[in-house]
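Structure incoming, see below.
Order of writing sets the labels: A, B, C and D. Residues in every chain begin at 1.
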Amino acid sequence: MRTSPDYGKVIEQIYKDLNQWERTGKVADYIPVLAEVDPNHYGISVQTLAGESFHIGDTKTTFSIQSISKVFTLALVFHHLGEDLWKSVGREPSGTPFNSLIQLESEQGIPRNPMINAGALVVTDRLLNYFQDPKEELLSFVRCVSNNPNVGYDERVAASELENSDRNRALAHFMKSYGNIHNEVDALMDAYCHQCSLKMNTEDLAKSFQVLVNHGTNPWTGNQLLTLSQAKRLGAVLMTCGFYDESGDFAFRVGMPGKSGVGGGVVAYIPNVLSIAVWSPALNPHGNSTLGIETLERFTTMIGDSVF
Amino acid sequence: MRTSPDYGKVIEQIYKDLNQWERTGKVADYIPVLAEVDPNHYGISVQTLAGESFHIGDTKTTFSIQSISKVFTLALVFHHLGEDLWKSVGREPSGTPFNSLIQLESEQGIPRNPMINAGALVVTDRLLNYFQDPKEELLSFVRCVSNNPNVGYDERVAASELENSDRNRALAHFMKSYGNIHNEVDALMDAYCHQCSLKMNTEDLAKSFQVLVNHGTNPWTGNQLLTLSQAKRLGAVLMTCGFYDESGDFAFRVGMPGKSGVGGGVVAYIPNVLSIAVWSPALNPHGNSTLGIETLERFTTMIGDSVF
Amino acid sequence: MRTSPDYGKVIEQIYKDLNQWERTGKVADYIPVLAEVDPNHYGISVQTLAGESFHIGDTKTTFSIQSISKVFTLALVFHHLGEDLWKSVGREPSGTPFNSLIQLESEQGIPRNPMINAGALVVTDRLLNYFQDPKEELLSFVRCVSNNPNVGYDERVAASELENSDRNRALAHFMKSYGNIHNEVDALMDAYCHQCSLKMNTEDLAKSFQVLVNHGTNPWTGNQLLTLSQAKRLGAVLMTCGFYDESGDFAFRVGMPGKSGVGGGVVAYIPNVLSIAVWSPALNPHGNSTLGIETLERFTTMIGDSVF
Amino acid sequence: MRTSPDYGKVIEQIYKDLNQWERTGKVADYIPVLAEVDPNHYGISVQTLAGESFHIGDTKTTFSIQSISKVFTLALVFHHLGEDLWKSVGREPSGTPFNSLIQLESEQGIPRNPMINAGALVVTDRLLNYFQDPKEELLSFVRCVSNNPNVGYDERVAASELENSDRNRALAHFMKSYGNIHNEVDALMDAYCHQCSLKMNTEDLAKSFQVLVNHGTNPWTGNQLLTLSQAKRLGAVLMTCGFYDESGDFAFRVGMPGKSGVGGGVVAYIPNVLSIAVWSPALNPHGNSTLGIETLERFTTMIGDSVF
């Protein structure tokens, strides 16, 4: 049996090497409040299922988790709706950018998967079906899985998202024309822009993915949120769809299921073993953190472990 | 620590339950020799890295492995060409059927991944660059990884493939117009149609994927064919692209990297643990074995293990 | 020099032959008020530049002109904006259905042409830039070219369109995300749904296209609304784009520039000679009047004249 | 009644103005023999149905007519096969470049129209069905309509085309996989590359389109090659599809049906009135002669006539 690598040393080495890199790519700038973020932030947090945690760099500073929130709404809705959810959203990689409308048309308003914006909007729409106060409900859920009662929305980001929501409104109206959005587009946008605005740091994110490392049971409470089979399915969706049209490349380089956000965060995990979160705001042309992906590739290479 | 499930009992149960199913889908019929195959064949073989093997049903009868051969040529070419290979072929899921030309055009003759026909043709073309006798070379490789010196080509199938190769010729000429095929299309077709015609049974296939279970080292010889990192990469390609436009669904249901062929074979594996091969010739509309996928979903569910 | 055919006899013959046909295709039913229309209505009006007019069937009953209104808004905006208009909308046939979003994405929010919904929305958006009361302005223009002060909006249709505008809202928000819609989507929808609701009969429609027959000068008033060159351009747009993804087929069969609407109206013309309007509400799968197109094909065949 | 403009003066003026232009765009260079052509050639020929002809510039020098030949094979096959032809090829603008494969796949091997390469290959394939010696037969036909027994193939160009035919072979094999090519791809390529190599000058080309000006009857012999209705249909196909994905723009600017070739030739016509051919080898990004289109736009503007 292999002994565990010294994860602390590994991330320290990676941090040392990569922090000197010039930040290539650019910070998300479709809303002003994201464009203000300093591209030089860089932090890495590892959380093992055995209970150890390792941190280096800016791991205490919160940032906008953006699309990483899609994992939380999906877990919450999957928990409530079960397999029925998959009648309204697929689980195939799209081969297209995150905000593309192209496949929606030939596929009659059923988004390819819940990790692209169209699919995430359907998932959030279902949250609105279930709960009086979906924003509050999601917040409780995220606080619970991240074991941090202080996680919150960034109202300034949410407001700014709402002002720049034409593309997502287009997706929502388009799917509504096929009957695949059930609620008012304004209400949906409010919930969706809030979920994108969730503020967390890498420590929170690494902790929050432990529920997947632990096959569906929240290690902080012992509650089973997803069955073993549901956890497998969620992992597969992250592996094949978590990085938009760069998902294959991420799997190829990194070999872990994961999710990124345009705020510069990336989280990934090895079931049974560990989760790791990285924050570096400069993005590559696919909208994924350049340094974040490099960090994770080096990590699985150095520890000699991945899901493959 | 978990004790190993009794794999023999698990596949026996699945076989018993599923063998009664009416075979839905239909046998590949684009060439006469495949259309003759009895849809009622059904066999399952499991091979563990620990050295145990379990078999039930038609596991001794050979069949045409078809696209599963793409894994062997890819491994062989990756071994020789290294990372350079990825300048000529991508590693993103295509979101389109196995023989589609659509993305090739917007992406300048670079196929999305080596598991669709276009990508596999590029890989085989590189085999022709390397070897005087690429067919002989591939055969040696497959005999070696499957630990069976009797594996061979089915010349009747190869001839029939060659007669029905217009679609693949279209792909080859199209990529040649972009400079991404280096050899004569006729020579390429001969090699490609032969690789598709390889005859193996589920026992051979389960054994032949042990090199991936074992992170790149052939357990039958002790030779390292791929580095740890290359084995990770190959696994990721199989996970995200191994089942054409059903790859996401396969990952979602089964949770293992794998590959199918229109001869009705499916192989998948859990690194470090086991490989499993199923044969059932009736195909779903995506060209993948209906019963094969169902078998594998039940298998990972019943053993409570997968890569996720 | 050819003597004019007896247009009255020609349309009488066609009416007699085709009125016996079973109405194939179906009435537009995306809004209830259109679904109520009797599919058996059938009327034909011919107006010559020489001043003669010929009518047979339901030529006094008004109906919803729907997309035919796109010609009026385009003429009005082209008159005011001139060639600048073509920076925001193309003039290529789209090869796709009227409400498709597909090309918008790869072409950065610039619609292929002003006859598909996306392009018509851009044109109407510019109307909102120009006029305080765009609905009133358009109404004046249409009354003027049709020489009928009684043309009006159908408020019931407009309201119903507005309730079923998700697809058009999607198009509008999508183009707004590229900066190609300047006004509020709600205001744009109000103007757009009103223009679609214009009520006219075939007599009005045949008259209203005389401005194009007459190369841009309104024969009812003597005012030049378009230059000779602009009239040529508008004719070309109608010829290549007037029938969505059936435009080539319409040109092929009929040989005249023209425009259809899902209310079952079709108008076409031969410059210098005549305009002809047909109404028959049952639509083919492309959303064009089945009998309308058949009538026009017979018409140009029988009179031995077309633009070709 | 309008008196005829002085066409000679009009083209002289245009020639004088445009010949000073720097040649923008570049000469076709996909085969060496075309790349050698001097971009400064410029010639204009007008032929009226009344029997007058006007020429200025390089109107005696022959050049490779390339895709203009598609009009001749189409006319010849349409004459023999009649409406049945349209079961194998459509008549809709494609909205895509001349050598695109994209729509072929979703439309099951039926090309959008006979003016893109895929459609022209189907038309030429049918020529092979009809004639022992299709190359000889086509040559007779072209000599007959151009009233010039010296028109011939350029064997050097044909050989060079054949060596660079991978893209067209891809199209042919692709359609053959759908059963829409009936002959051997090698034989088809030989015929197709020869038709593209036809050498003509602008005088020949202007004359050869008189059969369309004259509604299907060859004015040089008095023979009816196409019916009035077939001539209308051919005109419509040229109008909507003659300039690939620039067809709408050509109609918009010029207002005549026509056809271009990558050799730099463009021909267009006004039924009953005249045909006009221009040669200027520098091409725009759509593969159409930059100066050729500009010449034709000025021509219809200055004479105040077009089909619209």
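Of note:
Following the convention adopted for this analysis, contacts are C-beta pairs under 8 Å (C-beta built on N, C-alpha and C of every residue); 3 or more make two chains touch, one makes a residue touch a chain.
Nothing here was measured: the structure is a model prediction, and the numbers come from that model.
Between subunit B and subunit C, the least number of touch steps comes to 2. Any chain bridging subunit C and subunit D, meaning touching each of them, is missing here; the list is empty. Overlaying the C-alpha trace of subunit A on that of subunit D calls for a turn of 180°, given as a multiple of 5.
At the far end from subunit D, in terms of centres built from Cα atoms, lies A.
Each chain gets a centre from the mean of its Cα atoms; for subunit A and subunit D, those two points are 55 Å apart. Note on chain placement: the centre of subunit A and the centre of subunit C lie 48 Å apart, centres being C-alpha means.
Centre to centre, using the average C-alpha position, subunit A and subunit B are separated by 31 Å.
The set of subunit C residues touching two or more other chains is empty. Interfaces, counted as pairs of touching chains, are A-B, A-C, B-D, C-D. Residues 100-102, 104-105, 166-167, 169-174, 176-177 of subunit A are the ones touching subunit C in the complex. Those residues of subunit A that touch subunit B in the complex are listed here as 90-96, 103, 112-113, 228-229, 231-237, 239-241, 245-249, 251-253, 255, 257, 271, 300-301, 304, 306-308.
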